[in-house]
């Protein structure tokens, strides 16, 4: 290849990736992994608009958006992150609550633990040596991790179980750890447990709702987003989208 | 199989090499010949990305290239390019963390060329440029090649820095290594396995091929 | 050849990075050998001549071209000097065959012409057509050197530099390379500088010797001039004159042009010290301590019963080293304790000279060369047991 051609193609590569940035990029909390993939597929099918989905922990997304990461719609698992971004002037408005999440305990097949929502068997297992490792999401930046911590505190388990905890980067990784067989179980999102990919790996039972702060999940459109971001934001309020969300165990806000 | 991520990784590896190679040749050759007192410091800086945790490198890149940093602002205002969380930023990060992988083999290769050969070329009337292309590059070629292959393969495999500055956006910053990580998290072990195998085969082939090529290219003395 | 000025004139003075001081010149068509121990600065001088190194202070003039004149801030790079240089290890490009190596100085020519000329040069130095297509690793040391010579010639040099060119070549090839060098000298009307530590080689090949030690150019002259009249004890040591003795200059004798030299021996009372009548150049004050030397041509072995004259002495063989064709003989002198002669002998005569043999030695006093010992110690021997002569 002639040198000028090489340089030209280099620029093409750079330009093309710049142009690709016009597709709306959705930064979604990991508990939405399976639910939003389904909603987005429906949206793309109905509107012909392509979306790019990125899943991760809500806290990390918040930090990245503060650093001007090119995300257009932020679907947080927790309200506070959205409010922080709004305060920093990164968002169009305060956004809207799109779902309320739930957590529960998952125990893989062949685990000596019982899937017990009141965590009584877990409490016993901590002391009788059946429990070696237990997975939750990182409470520092993952809302599902914070709620798991609160539930464990409510059950008076937090102090004793801490040496056995492994932390997932986000709730999706926590679920992966919890079901991999390397741990005896973990606390994960209901929405993930209802996905067949996860559900078939173990037994799941919900933890009582009042044991922790509610998982009020809020989303917001980031400033200068392409129109399709707003369209998807609106699409999530349609009955067809809501039906999918309900199927994944999300409660809808009563507004 | 995430072909988009694979393509992106290959693109990133090619562009990184393209940008880094001229600089690597210059720096490697300079380090091989220079006797300046601060040489050890330069060599230390070159090796730094090798010994530093990728997260440290990623953190500093994020801070220095971000929209609120002077460099980030300058790039944004002058070229309209945002460096963090997009491909250009990934290229910059990739160029920096690959410096030791390219420069060190090149430096060793140039060091192995006896000084008299360059002198003989000069006395024979060859200009520095002629001497560089006709003598030095040809003799250093095995080292240059292995540096290039290492850089290429290492770019395909780099995870930490890319995760820090990239943000794992499909088609933009989601490289194959990140994609494997994502697949594992989304309970798609089969997909992860396919890509991991692909990366393993690709890397092994490239490295082994470069060893064969180096052995063939090496000039008997 | 009648040149008004020498074809090559070099003068240099610097203290960094290595001390160098002195000057020498060389006529066109002459071969000048730079001799001295390793580390003396021979290679540095070569690098200054070729332009690979810039002297701190110095001048290099070749014909009517000024290659380097630090006073006027001139120093041409090697690319602009037209120097033919044969490196110590030849410095052939390992990735090129012989033809490509010789083509290097011809890059300004079109490719076909380049190859044609390179082949001609290789023919000229006697490389066969098959050998011309081989890479250096597939050529013998002698063949590699011929390629290196051909490459130097292809540069169309105005000055030829040969840096220890024979050091890596075995004796058989060396003979044919000497012939090659002799041919070159006849063809090339340019100065040829040869760096060597082999004094036999230097004497045999060179028109001029330049003796260098510790960065100082000590003496320039024809080999015989230097051997017969080394400037000082260090030069005598460096050129391998072993027969050097201590003495004291007494003063002119009654005979005109002659002077008297007292040969000092260890612990010898003054009245027992032999007095030698030697040539007097009228330069030395009376009572001046001196070194004196005598070349081997001036030393003859005689039978014990032939000892008769004042220049005959009693000698005893104290060491006889057999070195193939020659014998290295060490003799002590009865009249002068501590004085030792070292001689190389060949022929059948040597067989009779076992250790302990007593015989006589006759000195040709007209060949004695006297060198003052300077008070600053510069003329003093450093008493190194060093034999630069290749054994």
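Each chain carries a letter (A, B and C) given by its place in the written order, and its residues are counted from 1.
One rule holds for everything that comes next: contacts are C-beta pairs under 8 Å (C-beta built on N, C-alpha and C of every residue); 3 or more make two chains touch, one makes a residue touch a chain.
From a predicted model like this one, the values you see are computed outputs, not experimental measurements.
Counting only contacts among the remaining chains, removing subunit B from consideration leaves the groups A | C. With centres computed from CA atoms alone, B is the chain lying nearest the middle of all the protein shown.
Averaged Cα coordinates give subunit A a centre that lies 34 Å from the centre of subunit B. Subunit A and subunit C have CA centres that are 87 Å apart. Look at where the CA atoms of subunit B average out and do the same for subunit C: the two points lie 54 Å apart. Contacts from subunit B toward subunit C in the complex involve residues 114, 116-117, 119-127, 130, 134-135, 138-139, 219-221. For subunit C in complex with subunit B, the touching residues are 50-52, 77-79, 81-83, 85, 87-89, 91-95, 104-105, 107-108, 135-137, 151, 155. Against subunit A, in their complex, subunit B makes its touches with residues 11, 14-15, 18-19, 62, 66-68, 81-82, 84-88, 91, 167-172, 174, 182, 184-188.
Per the touch definition, subunit A reaches subunit B in the complex via residues 6, 10, 13-14, 17-18, 20-21, 25, 30, 33, 52-56, 64, 67-71, 169-170, 172-173, 175-176, 179, 195, 197-198, 201.
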